[in-house]
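Please find the structures below.
Each of the next two complexes has subunit A plus one other chain: subunit B in the first, subunit C in the second.
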Partner chain A sequence: MRDKQDAVRSLFTTKSARVDTNRGDAYYQKLYAQCKARLAELKKFEPLGNRVELTEILSEEGYDRRDFMKWVSATTAMLMLPSFFEPLVAEAAEVMNRVPVIWLEFQDCAGNTEALLRSDGPKIDEIILEIISLEFNETIMAASGHQAEAQLHDAMDTFKGKYLLFVEGSIPTGAGREWCTIGAGGETFEEHLHRVAKDAAAIVAVGTCATFGGVPAAAPNPTGAVGVMELVKGKPIINIPACPANPANMVGVILHYVLTGEVPELDSLLRPKFAFGYRIHDNCERRAHFDAGEFVEEWGDEGAKNNFCLYKMGCKGPMTFNNCSVVRYNESVSWPVGVGHGCIGCSEPNFWDKYAYERPMADANIKPPTGGVEKTVDEFGLGVLTATAIGIGIHAAASAAAGKKSDDGEEK
Partner chain B sequence: MKIERFIERIEGEATLLFDKNRDGSIRFVEIFFPHIRGMEKFLERKPALDALAIAPRVCGICGHAHLVSAAKALESCYENAGIELNISAKAEAIRSLTLSLEIIQNHFKWFYLTLLPATEGFETKKDKSVLTAHHAASLCSRAIAHLAGQWPHTSYALPGGVMCDPTHVEMLQTESLLAQIDEVFKNSILQLDPKDACKIAKVETLFEKNGDFPDLLRYFRKKGWERVGQSHDRFIVLANHPIGGAGKAIKTRLAPIDILSAKEDEAIAPEGFINHAKPVRYNRRFYEAGPLARAMVAKSYLIRQMHRRYKDASLSRITARVMEIAKLLEYCKKTLDSIDLSEPSYVPPPVSLKEIESTRGQGYVEAARGSLLHGVHLYRGKITRYCITTPTQWNLANGTPEYPGVAQKAMIGLPNEKVAEMVFKSFDICSVCTTQ
Partner chain C sequence: MKKVEYQNVKRMTSTGRIIHWVNAFAIVAAVITGLYIAHPYYQTFIADPAVDKYVMAWNRWIHFIGAIILDVTSIVIAYLYFFSRFEKPYKKLIPTTKNIREFFAVLGNLLTLNRHKNFDSSHNDSFNTVYFTILHLMLVWMLLTGLQLYVHGLESGISSIGSWWPALLHLATDWTIPATGGTLMDVRISHHEMMWWIVAWTMFHIYYQIWRTIYWQEGDITIVFGGNKFVKKEK
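Let's look at the complex of A and B:
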């Protein structure tokens, strides 16, 4: 009993935030110079596909500079950069149309595309159509069929080695691989992914399906679905899990790439630390009620009416690494905990089998995270995701390539 | 001559295999959906309430409809075990409100992002129409988020009610968003207040109005396309919905339905092709589901007039869908006003599902694309069988030349593939739902 109490105490008192938010002046000055050089380089290029400039569109749509700068401040903070980076972030947003993006969909529901389409800030519809150079997206592009195939081929050829590849949806392997094919040649998803990934600068896996297999990989995993990092080797991979992934994080990753030419700092599951460095619980708006021992005991009770903590109703916030509690959803209107339904841990590996919300957390067969961020993510990972070892391998390679190896794993 | 064509700009991918006559017109067409995830399979053996977290993930566009169907299916499990549940009027209203908002955003996006680009030769200001669609959709999803937490993929409904407990603040903010959606409607699709749009009683009046939709109507007339896309002229509506009730109609003749007569068959495809879409029939016949079916069964005066002239042509289908936006907007405002915040959001069921030995249930709702049905079998709180039947399984079923499916029949005889693709898209395609 005492052990259990100790475990629970350490679970919620451990200083989980091991994200280094202040790396010192020297580091930021160096990074600043590097970003400035990178942006100057990008500015030499013409916008791809003759896309219009951001400033023109913003003024056309009735946004003034002030609105734009508000977005810039918020985004700079989200990327964990000091405020003197703001002019650079603004410039980066303006040259986003120089970086080509290819978006592939596999076993998915298009939920992430949907989520991306209504991101906020400089309205994402503008971003997606005018600013980001989205060369190929099956759901929202104009071409179809063979024409689309040709367009993809063109984009891959023209921007060989330069494009960011966004992947949405899991990839069936094993017995189920013929169950899903794409395009004229009846290419399987796996072949298609390998073909397009070969010449990508980096791959961004968006949503839990593309990162960890997600829903399609739920037991008994009828199609043998896996995430991108289990298949693609030797490329920097950035995972943005959650169902749907938060558009703010997608834009953040693109912006980071534009700004620095590198992938952002990642954790051992290849998730950008700026978004996945904290648990939902750390910044939850209901946290005060947790600390005060005020819990919802039954849906619809007095506690529910007073926004008490949802921990006893099976909220997985303490186990889940994501920034929903800060960024929220749908242009920051709300998020699941905000309306009282508790976190289901949708950005963690295998959440369908381990986390779905009927089981109270105590019965959820999850080891409580008693360490810090890095450590707990590893522990989780090893328990539930066989690919973690591979993940760490790639991560090491990616971090080395990015030239900023992280060494802030927590010691005990 | 057989020609294969891939259809994009939908959720997932579809393949149309055209068999053409010498003059290029379409003799027969087969519809395949080559993707599958196996949703029904991995719901098996999971705890019953997990369905509420997993089912919405079937689709990124109509996930909310899947959630409400799943919640209703579990509620009917209680009923079939002889246990009465008490769902408050407030919970029902909130579910229905968010579901209607999901339908509205779908219709906007379908009109601007799917239908208009597929209408050959129709001049639009491309960027502007894309922005309109996203603006409307973003307003709708924000309104949903006030009540359901987020969109897409929320799990806020459960057997017994909903988890949210909105205050007057959320109500006011939702009301303001509804007013903004009204404005978008008025400035784009049909230049009329939704309230006045609902009052239009004559087809000709509609042709004379301003807006992107009347422009499209006039374009159809100019091209002589008023009658393209006619199908079986049979309609089905499985669930009661804001605009009318359940029922079926053969031409204009209405009849009640028995849900047990709706049956799913195995997916068929010729040698060398993959298809995972299982066709659904009612009494072994194909029926059309969706806004046109809803309007026909609800005896909408305007749509029946349209039907008298053009039968179940694409033009009738498009009109029913666009006019549904106006009707749902009016419904949303009325429903929001009617919510009594002092009522409970959730009334706990008397027992847990685990305490029931064995039971089964069905939940159905009208989703954006038509009737959605979830069937579930439970044994001591665990799912033993789960069956999802989606609207697109009704509309996009692949039949044979003797007994073609609804969309197949609509495309047979058309002059070329371009027109066929437009007719196909007038049904509002979704491959992720069709195969799950």
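Let's look at the complex of A and C:
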């Protein structure tokens, strides 16, 4: 009964993606004071494992103070804070190595780690992610086996209740979950996640696999893969979907946490609104061609050469909430739509089944909820119309053959 | 042969007929433009730069205007279902013994190709009222899912007519996301699929009215044009 009431309540109070970008002076003044106190508190601590200073590493990479401050203004704007927060954001970036991070990896392609590691010429976002106090990350750590286990144990013990847990990859919960184990103890991914999540301050699910199950959860989902929020309850969870998640958004979340000690404002899918409050479509550079009805009809045609809209090639920008079209990837160099391929909706739930079919929804084969043969919605619709037409045809033919008859049953 | 005399019966008010044709044209416009929005099926043959030809934008505009007209008439029809001074259709929807019997009598008349006609065909019958109500429920679903798709463009929470508009839309339609399957695409699929059911509904509706006209011989098709039909009065 209570479950039912809760279900109804949650159904009708689903939080939307609505973004409140101006909360008034009183709110921001209060937040400013709170952030200042929080940073003063953090500065009392020595940097954790990673003692590299941000200013040093930035100058080594060839960034001067001016570049850094430009980044600070952009990040402040991205976090939807007023410009007088800029000095605080700069300070927060400098003390980010005081916040311990544990990074776990489950069923995925390590694409989010790769996105950070393989960028040519790290941008400031990526440098900052390198200087965070990353206490544990299976993919890039030197230790292995029992040493790695011991390190995780140490990190969890030392920073109990204080560390941010980053999770990459989905967690198998169905048949075959026992094939995905970690460590000599043969701990399943699910047990491992629960153990490390228990003492985390907050959990950041990075990438679409960790947030919504992603590609491993695509139909028929053989491993019963789910995202973190399906399993972990009673902890603040922040989802940063996309495939891979944009490093700018990861830094944004950590910065927000460092600044305020709280998770940023989230939408109904637990995605930070500063990054997922708008559709890709709204700020797309090809939007004018969408409105004009100028579409790429096939790869490499005149439209493609002239940067026409990719909607007919299956672009899902109009249904996908993310800031790719603003923040872009790889030092804001480019992004999928920029290089001529439509959005595949990788930051939405069930994107592989529902978005990434490379054609408009009306032409896509969609599995009916009841199972059975995949059909496009239009094929299904034409089937409905055909059935109606056949029914009408049979009835009309039978009526014509039977002839007119009056209510008293007499042939006229 | 018996002598048959006909009596004129009023069946639709002029308001009702206006609503019917406004609905019909709005649905046709929404289907034509909706199919374009789902999959742009013609090319833009206008030799202007992108900035002023607006083919998709005009299609979407016509789709929204058609939708808003349907939304307004839906509200009027919902009101008239209960408070019409001419005929209150809700009375034909209450599952009383009389209505259920009439429903199956009319259905039986259709299925037996007019061999049996044991009901009073002078007034709006239970079967047709249920059939019309199905259309209106489908239109309500289109209204809710359509406004959900529409409000995605108003994420800022502001609009030129005030912030109450997106807030109202979120409050009224956000539940369609979990109801259709949990993603924004499910809402879109549902919206598109329901269009086909409405087209199928229309096909049968037109056929059935013509069939009635031919086989009942009471001029039913004229109801929607002149508001009247004729009922046989036996002498």
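The rule is simple: the second predicted complex is superposed on the first by the 326 of 412 C-alpha atoms of A that agree within 3 Å, B and C clash if a C-alpha of one lies under 4 Å from a C-alpha of the other, contacts with A are read in each partner's own complex, and residues count from 1 in each chain.
Basically, contacts are C-beta pairs under 8 Å (C-beta built on N, C-alpha and C of every residue); 3 or more make two chains touch, one makes a residue touch a chain.
Being a predicted model, the structure only gives us computed values, none of them experimental.
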Contacts of A:295 with subunit B and subunit C, given as first, second, both or neither: second
Quick one: classify A:215 as touching subunit B (first), subunit C (second), both or neither. first
First (subunit B), second (subunit C), both or neither: which does A:330 touch? first
Regarding the shared-chain residue A:105, is it in contact with subunit B (first), subunit C (second), both, or neither? first
Using the superposition on chain A described above, determine whether A:204 touches subunit B (first), subunit C (second), both, or neither. neither
Considering only the touch criterion stated at the top, classify A:349 as touching first (subunit B), second (subunit C), both, or neither. second
Note: overlapping subunit A surface for subunit B and subunit C spans none
Using the touch definition from the top, list the residues of subunit A that touch subunit B in their complex. 61, 105, 107-115, 117-118, 123-126, 129-130, 138-146, 148-149, 170, 176, 178-184, 186, 214-216, 218-223, 225, 243-244, 298-300, 304-305, 329-331, 333-342, 344, 346, 352, 356-359
Name, in rising order, each residue of subunit A that touches subunit C in their complex. 11-12, 14, 16-21, 268, 277-279, 282, 288-295, 297, 311-312, 316, 318-319, 321, 345, 348-350, 354-355, 360-363, 366, 369, 377-378, 380-382, 384-385, 387-389, 391-392, 395-396, 398-399, 402, 404-407, 409
Within their complex, state which residues of subunit C touch subunit A. 35, 38-40, 43-44, 50-51, 53-57, 59, 110, 113-118, 151-153, 155-157, 166-167, 170-171, 174-175, 177-179, 181-186, 188-189, 192-193, 195-197, 199-200, 203-204, 207, 211, 214-215, 217
Contact residues on subunit B for subunit A in the complex? 4-13, 34-39, 41-42, 45-50, 52-54, 57-61, 63, 113, 117, 127, 130-131, 134-135, 137-138, 141-142, 144-156, 158, 160-161, 163-166, 173, 274, 276, 344-348, 421, 432
